[in-house]
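Just so it is clear, A, B, C and D label the chains in written order, and each chain counts residues from 1 on its own.
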């Protein structure tokens, strides 16, 4: 068993062996991670990627930046134009996998054709979830904000001074707000939760963020539900009327798990995978937003729909699919968001004792228990935040370092001299010439 | 104190067009010359603290700094120099002996600079060291006096204890305490890589360096610091220090403040106690006492190691050397009056002793006249500055030379002559941890290796030019030398002809 | 693969590496002209406290979380060197959040900056290494 | 100006002929050989050594003397009378040759030390003789012993060697070994005593070359009581060989390992026993290592040794035919007297070729 890149092939593939057929359903981050890992070990096997979109692989989180004008569709490409060619991938665009036949080891597509596989990766991601709301069907300009096509559609209708109502003050909703702010539109945000970014911020930090967003003219109605829509007016549960030209639904997403669930694979909210990204069905792997794995910071199984996670799970799946035993057991929630110039970083779980330190918009909160750092929230000064992240990722015992110091100031200074020597490579330096 | 009589000797000149206020000068000056004024975002300097060590100059990334000698002057006076006047001010103020470091800086003749080397033309070919072997290896020690044969007529190869050098240059005695751990390590590692020897000086030997024993000369000096059996036996040779060129007739004094930690342990004296090396060895009041010490040390080391007796070059040096050559010593080291030191009374440093060139010439001659030159090897020290000095010394009759100052310069010493302050900005003559670390032995030892390697190449070139391919054929080969601008007496003492003869 | 290694034992805390780094990234010819009166933003940074100091710059990890987590694909590792495509970077700082060494920094231009080993432009040796007066930063091969 | 007042540099020609069987042959042969190398000399010195030439006086030291004047002769003879039993004395026979001018008085004495003097000196006989030779050469002005061995003699003069040979009527001598020297000094006004061979007791040395270690060697050998009065390489080489072979008891092969010691790198590659011996010799007599170009032929009682410097910076060829052994600066000098050679070779630098009489021959 191994993790990281120290890998050992347990299957010899040489000339004369039948070439492997890898099939990947989905064409986003996890798929790229898988392709890159497979090609490290297997230069010959065929890789088929089935995508229900029509695009070269792009970075989904960038759609808000696209609207903001910070990137464009070319630069949004997650990998270069030659990615599929260089990695010898057959890309099937605009095809939806409707069924897997595990006994025949094949995938049935929406056009009735089938693709057979030796190893299959399901990285179907998730889909926006739209709860039932009275009158919603009648709303004309309503959008979800999840895919490039969503972003294009939204962009097409937005005009200056329009009123935009965003339902959902989570990550997607707020990034959307930032993205469209460029268009000089009036933005209102409604959320059932009492705070913004409720899934990743605590009250104090959320208040800071909210305040900051309000400074940028975003109006919030929190702890409010949409009671109903009447044409261009939304009625909240407290009867507040909000007039809008465009409605964005950013309430949440749901993992696309049906392909596995339908054939009796183990699922919960997401497809259940082990630390090698295997589903309960032989030769079928899952990775990315559609999957559910153990969050090492809380030791609970959960869907962690985060890009870094998706890549590393895809990579782990790809490694195992191509015959190299590889473990990914470092998943935990982790977010880095900028909103109108304010940076917010969070990671892990917010349980245990708290170290906090805040000054105006600089906010820091560390959560720790049992000699481990469980999670943190940083706003404003995010310098060297990765050092905190690594404490969570590596489950570093806090008594091996100067915790008091690292709380104040993330840095290698807080580690022991020996650890620093290892980290910076200098440990071998001391023996030079001896 | 009402009046400050002393005007700063140097001025720090900063080119503000080039200064980017990176503050490296400020961080690197142990004398606290430089300071950053936050308000005006400018660096300033206090000239009076500057010792002209060039640390700031060398590290300034934009070459914004230089140090110049002040042109502030006293009224011209051929007799009363500014230096003499300033020294009186200092003594009138402090009432003490003036202390200095490194070698005699005064304008005495440098005989090496008045000697020229020979080269072959026509009648005798020069030899190209790049094509032909050119031997610089030297064995130091006394020579077998008799040839004995076994029953089969084969020579009994009984060689008196000796040491081997790949090139006739050794690092002279500099104690751990007077120089830093890192300087010591640099010397030890360089000696080891070069196949030469370094010398512990009188401060004992740090345990970490026992592993360089094959390349170590351990010193036994009047203070007997750190001398014990394991110390003696960890060496390649043992040196009895009777005198030192920089301060003949004077002992040493390492203040208690420097006797801390490892230094105290290595010297085997309590922390904080002054390390006083008496002027004489209190068990050596005459030559026969020396002989007893020589044989005591041989006894302690099973007659396996050559014993060196080091003396300062003083007026009757040849008679003293003759006595030492008959005392059982295998090697005599003679230290000239320009030899360096970590601290010496200025008057002693500048006014006592002999130029090594004259001392060497007369000792070599005397030992030959007495037929005992092969009883001992001769090692000379006291400002060997280049490979040319090495070649000249060997041609005058030396078997090898010691270099101290040259080695320190290779390690970064800028001869600011402030060792005695303990604030060496180059991490050499200091025990302050933050300064000591400035000398990284990984770099330091390589610089020493480079220096000696370069000298070795040059020595070979010069030998080749003379048509000599083995250093022993250069030893005492005074015909290869000619004097320029020397008087009859000087030529006679040096045993060389004048150029043109 | 040669890497930059740092040994705090020899770090003098002189900060020269930072200045040489800052200078190198400008591509200018004369440090005095380029760095005069500006606040430098080097890719290598000294951490110092209580007489201990050391420089930290990108380790070009074998398992680069910054690359794997990069949401745009702007960070990539080629020939052992992790480089940034500043065109693609949108400054989300996921890499800042991922780097276990704190070696990735936000930069003035909105993207991030990090050591990209300035070996192509400077005789095969990074400027911080050339600028270090005491061998505390070295560039060498040290096996796995 | 004469030899000894300045350091004399020279190029030269050498030649030697040796009969291993001890068969005596005429000095004519060596003249023929050396004359081939005429252009390697410049007329400022030539000479010969012959071994086995005085069989009737073989137990007596044959002193060959140059006298500047009769006063010197008188003083020297008084000295000889006081220390030796003079068995025979005579002028050395010469013939007038136009090229040879300004000859000194040239005399020959067959002597043996007076037993009482020898006993009171506490020296062995040969050392006693050496001491006396040095005494004459350094303290009797105008007298110079240029040959002092038994059953051998040196003949030398200013001039080309072939003229010197005719001058000394060398063809009238027969011996088992002859060596010859033609000199090409760069600056000498010429003095007969300065011509070569240089000899002490029965060691005679002819030498081609200019050694760069001269002063190191000189100052070293002078420590052992030798006086280098001539300031020539040949003189110092002769003394070194005498010192090592006679006084220190080294074999000639061992002598070669001192004066043309192998490089340390060569020594390191030798088997242990040999390596230790070479290390011992080289380090014990470090100052007697001779560097710079030389080829020497050393004559001694019953043998001949040819040796080149360790880099072989001077030419030297060796040839053999039956019991005859030849050595010369140039092969032509051998071919001219024996073209039908069994073997011809160039010894390596530092490789001494030592030839001695076959057992029982003398």
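In this text, a residue touches a chain if its C-beta (ideal position, glycine included) is under 8 Å from a C-beta of that chain, and two chains touch if they have at least 3 such contacts.
Quick caveat: nothing in here was measured; it's all calculated off a predicted structure.
Q: Identify the chain pair with more contacting C-beta pairs: B-C or A-C.
A: A-C
Q: Please flag the chain sitting at the greatest distance from subunit A, going by CA centroids.
A: That would be chain D.
Q: Quick check for you: compute each chain's CA centroid and the global CA centroid, then name the chain with the smallest gap between them.
A: Going by the distance between chain centres and the overall C-alpha centre, it is B.
Q: How big is the gap, in whole Å, between where the Cα atoms of subunit B centre and where those of subunit C centre?
A: 42
Q: Round to the nearest whole Å and give the separation of the Cα centres of subunit A and subunit B.
A: 68
Q: Between subunit A and subunit C, what's the gap in Å when you average each chain's C-alpha atoms?
A: Centre separation, subunit A to subunit C: 28 Å.
Q: Can you check how far apart subunit A and subunit D are, centre to centre, with Cα atoms defining each centre and the answer in Å?
A: So the centroids are 101 Å from each other.
Q: So which bits of subunit B are touching at least two other chains?
A: 442
Q: Send over the residues of subunit C in touch with two or more other chains.
A: Subunit C, residues with two or more chain partners: 9-10.
Q: Out of subunit A, which residues touch more than one other chain, so two or more?
A: Residues 429.
Q: Considering only the defined contacts, which subunit D positions touch subunit B in the complex?
A: Of all residues in subunit D, those touching subunit B are 7, 9-11, 186, 209-210, 212-217, 219-220, 222-224, 248-250, 254, 261, 263-265, 273, 276-277, 279-281, 283-287, 289-293, 310-311, 313.
Q: Within their complex, state which residues of subunit B touch subunit D.
A: 120, 122-125, 127, 132-133, 135, 137, 139, 143-144, 147, 149, 154-155, 157-159, 162, 368, 371, 373-374, 397, 466-470, 472-480
Q: Using the touch rule from the top, collect the residues of subunit A that touch subunit C in their complex.
A: Touching subunit C: residues 4-5, 33, 59, 61-62, 65, 70-71, 75-80, 307-308, 311-312, 315, 334-338, 343, 345, 347, 382-387, 389-390, 393-394, 405, 410-413, 417, 420-421, 423-426, 428-430 of subunit A.
Q: What part of subunit C is in contact with subunit A in the complex they form?
A: 3-10, 47-49, 52, 54, 56, 59, 62-63, 65-66, 68-69, 71-73, 87-88, 90-102, 104-106, 110, 138, 142
Q: Report the residues of subunit B in contact with subunit C in the complex, numbered from low to high.
A: Against subunit C, the touching part of subunit B is residues 17-20, 22-24, 27-28, 41, 58-59, 61-64, 433-434, 437-438, 440, 442-443.
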